[in-house]
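Both complexes below contain chain A, partnered by chain B and then by chain C.
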Partner chain A sequence: MDEAALTTRLLELSRQRFAGAPAELSPDDDLFQSLGIDSVQALELLSELERTFGVELPDYELAEVRSFAELARKLHERL
Partner chain B sequence: MSASEPAPAGSPPPRGGVETTALPPAEVPSAADAANETLDAAARPGGWGAEPPGARAPRPRRGPIPERWFDLSDHSSLGSLLEETARRGGRRPALTLSDRGRAVRRLDHAGFRAEALAVARGLAARGVGPGDRVALLSANGPEWLAGAAAVFHLGGVLVPLDPKLEAQEQARLVEHAGAATLLCDGPAWRRLERLRLPSGLERVVVHDPLGPLDGIALPRAELLAGKGPPPPLAPRDRGDVASIVYSSGTTGGAPKGCLLTHGNYLSQAEVLGNLYPLREDEVYLSVLPTHHALDFMCGFLVPFLCSAQVVHLRTLRPEFLLGALRDHRVTHMAAVSALLRALERRLRERLDGLPPLADAGLRGLVRLNRALTRRRPREALSRALLRPVHDALGGRLRRIFAGGAFVPPATARYLYELGFPVAIGYGLTEACAVVSVNDLAPFRDDTVGPPVPGTEVRIAGRDAHGRGEVWVRGPQVFAGYLDDPEATAAALDDGWLRTGDLGELDATGHLRLVGRLKNVVVTAGGKNVSPESVEARFHGIGVEELCVLAAHRVWESAPGDDEALLLCVRPRPGEELPREELARRNRRLPAHQRAAGLVTLSAAFPRTTSLKLRRDLLAARVRALGRGAVEPL
Partner chain C sequence: MNAPEVANQGPLRLERRADGLLEAVLCAPPLNEIGTELLMALEDLAETLRRDDGVRGLLLCSTLAGGFSAGADLRALSAAIEARGHEAVAGEVRAFLERVRDCFCALEASPKPVVGAVHGVVFGGGFELALCCDLIVAERSARFAFPELRLGLVPGFGGTVRLRRAAGGALLRELLLSGSSLSAERARAVGLVNQVVGEGRARAVARRALEQLLRLDPHALAAAKRLSKPACRAELDEELELFCSLFARPEVARALAEFARRKDPLPYLPRPRGP
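Take a look at the complex of A and B:
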């Protein structure tokens, strides 16, 4: 899966998981702000991504991530 | 007013027949001794210190909590204390690092000592010595503790930093502290190396690097590879600074490096080890960050003092945390409010779905447990009565320390009534860690306990209700802020630490916190309102986050122009805001405490890395929304 497809899938998953997410999310959106989530909920999202994509994403990767696109890039590096 | 008469430090515990075991003074190991360090420690018998004449037979490994009495008066530094704890702990498990349910590293106390000495040898070979400041920036784990122990062995000054801070801020603190050496983990170094490096920083030792290292960075493995005997223990006095800890603060501004002395730490370790000892087979789960004074004390010094074990998790996600409670047979942990609520949620999920008959049976058992533990916790009994409940949290958890942000009383009580004693306490970095803690005899959810032995608390500038600023005096009070005589003079008044917290002492000498002094709002009628005390009246309501702000601080108007309070809420994702319940609770407040308007926010509230609310940033966010965002309540 390429990075663009991964980003699209990530946006879909985020919308499904967080009921407070707006209907339209864009790759450059701040994932914390747009989903209205805190760092603990963001870690839960990491776990879901691990289950979906079968990779391990260490907690520290979240420290350098603000947007969906950045998170998708981190994920892509580990696929 | 002075606090309830605290027992002097070193006084015997309430129950009689207790052995008193002073630690012998630290010995500086010769080269031959040092080479045999691991063997030596392994060969020593278990127990705490050489048994004094007339002491009891060796304690059983299980059964009632052994009555021990720690007396650290012979120690003058953390280096000597840790040398002794390693010797006493010997081959007992000291540390486990767990990653997603797998134990990836285990060290016994002797092995930990060997590793700390190897780090010390590597640092000494690179010129680190007494008085040198060494910054430490890493997630919790064995490398963190071994690095700290090495610095204390060399007589250096530890500067523990918060891994969750922005890298820019971390670099600023390294520079502010004047640290020439930094010990850090791979992720932290990856973020830091992209920046202009702090001036004065000469070497960086990286464990688990994420890429090749160059320049001033070297892998920890290289540091450990040195040969030869470890350096001798550097003598330090109790008054010498052991570490510089940057308090998280909630308002930003200039860095405040708290100077904590060896005496501060030794007095706290002694007091807390005697108040809440762990058995040698018990396990502390370290989930709060170790750079924070509380985990440093409860997740390092006290378990090591007790020859107990500490477990670290590489992944701090709820699902792994609950698994770790079970897999590592955790008995003790410290938690902030968010974690306590997560434990409560976990238990409720498990219990709320029971079939009616089982539910009725369980309720009966909870009532019975409540009656039997009214005066004090009875862990074995609670566990026997409510085994399935306890199994949900690993089956062995018997003490939860809670402090930091305000602890939700209903959550603490819920856990207590199911047989998980929550000891609510109060502390701040400027007081090393702990000022007061509940003794659970009986459990109370409404106070942060009486001052710990040897500590005095007084309420300064009391109002008509007996509330005022909490002042603290005791051996744990810090020596001041690094290079900041003004801030030091403002915080210390003739040996008393002015905490900036508002509180009151009740008739039994328990301290009750009301809020932060600087958050107090003076209403048009001249009444003082503490936003935190208003927030407490909304506890348990179905919203994700809630905060009360003074309107004049939001709109930056003159005090008196906008004296009303604003209730800011973040709804639970996907749920409606419980407006009626909010309005109902608001109406029940005294008129001067009632919120005049409601602001709904969708993003998570801004918080410090230790999860304290940044009221200033939240106020700015509401200001940006404008007055149109305020609805009547």
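Take a look at the complex of A and C:
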């Protein structure tokens, strides 16, 4: 999966997983702000990412992420 | 199956089944933080397990949506420091840790089988409690972590000793030093968790696992537990001493105060950035 496809899949997954997510999300949106998630939900997101993409991302890497595109880049590095 | 007999014990609800299975359900919002009240309930539970011949096995689980337990009640600890001063509370913390050590050792060393059913947050002292179980069934949502270093501390409920025994030094170092959380699947892969199941299924699957254990010869089961389980007391004492020496530092009081100020459910995790 290339980085663009991964970003698309990530946006889909975020919309499905989090009730607070807006209908339209774009790659440059701030991940935590747009999803409105707290640290417990961030853990849920980590588990979801691991299951969906088969990669493990340390909590501190997720915490530094600014946008969906940046998260996709971090995931892509590990594929 | 007959309906279980339910005893309401504040933060720990006990459901006693006709077959001798006792289900201890953690139900202390927000996330089963282990403070004085929950510790007392766990001590009573360990005593019931020891004395009550009608109880043949124990299942530990939580009904809270967030998970099994977020660990020690750090907000209460911070409030105690503010009210009574750091030095006075340091003495109380040592006494508290000694009680936790004795209680967790009693649960772990019981000749009766103990199975944990966990989901969501299994952090710090909650992770340490889960490590006392003979078997752990985890839902896919479960995440295990030792975030203590972010507060300038190390685990103090025996977790370093039990995790090293269960999964080895490499995993212990990874979790301790990174503070990062481990998924249920990875925990299964490294042997920490015995079964991974879907959302809402852990308790039922753990119950079936415990029912299987209850069919075994209890003397042979007790012998097997003696061979495989109890943690080394000297190592537990060393961990406790290290915790107490770290706790006495002013940096820890400051970190706990900062922790208590934040509204996030798990403030010691790397913070999702605010606006």
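The rule is short, and it goes like this: the second predicted complex is superposed on the first by the 79 of 79 C-alpha atoms of A that agree within 3 Å, B and C clash if a C-alpha of one lies under 4 Å from a C-alpha of the other, contacts with A are read in each partner's own complex, and residues count from 1 in each chain.
Everything that follows uses one rule, which is that contacts are C-beta pairs under 8 Å (C-beta built on N, C-alpha and C of every residue); 3 or more make two chains touch, one makes a residue touch a chain.
Bear in mind that the values here come from a model prediction, so they are computed numbers and not experimental data.
Shared-chain residue A:40: touches chain B and chain C both.
Within the superposed three-chain model, A:62 lies in touch with chain C and out of touch with chain B [touch as defined at top]. By the touch criterion defined above, A:18 reaches chain B but does not reach chain C.
Judged by the touch definition given at the top, the superposed model places A:26 against neither chain B nor chain C. Once chain A of one complex is fitted onto chain A of the other, the partner contacts of A:52 are absent, as it touches neither chain B nor chain C. Contacts of chain A with chain B, set against its contacts with chain C after fitting on chain A, overlap at residues 32-33, 37-38, 40, 43-44, 46-47, 56, 58-60, 63-64.
Residues of chain C touching chain A in their complex: 66-67, 120-121, 140-141, 143, 145, 178-181, 183-186, 264-267, 269-275. Residue ranges on chain A touching chain C, taken from their complex, read 30, 32-33, 37-40, 42-44, 46-47, 50-51, 56, 58-60, 62-64, 66.
Interface residues of chain B facing chain A in the complex, by the touch rule stated above, are 100, 139, 163-164, 187, 191, 314-319, 338, 342, 570-571, 573-575, 602-604, 607. If you check the complex, the residues on chain A that touch chain B are 18-20, 32-33, 36-38, 40-41, 43-44, 46-47, 56, 58-60, 63-64.
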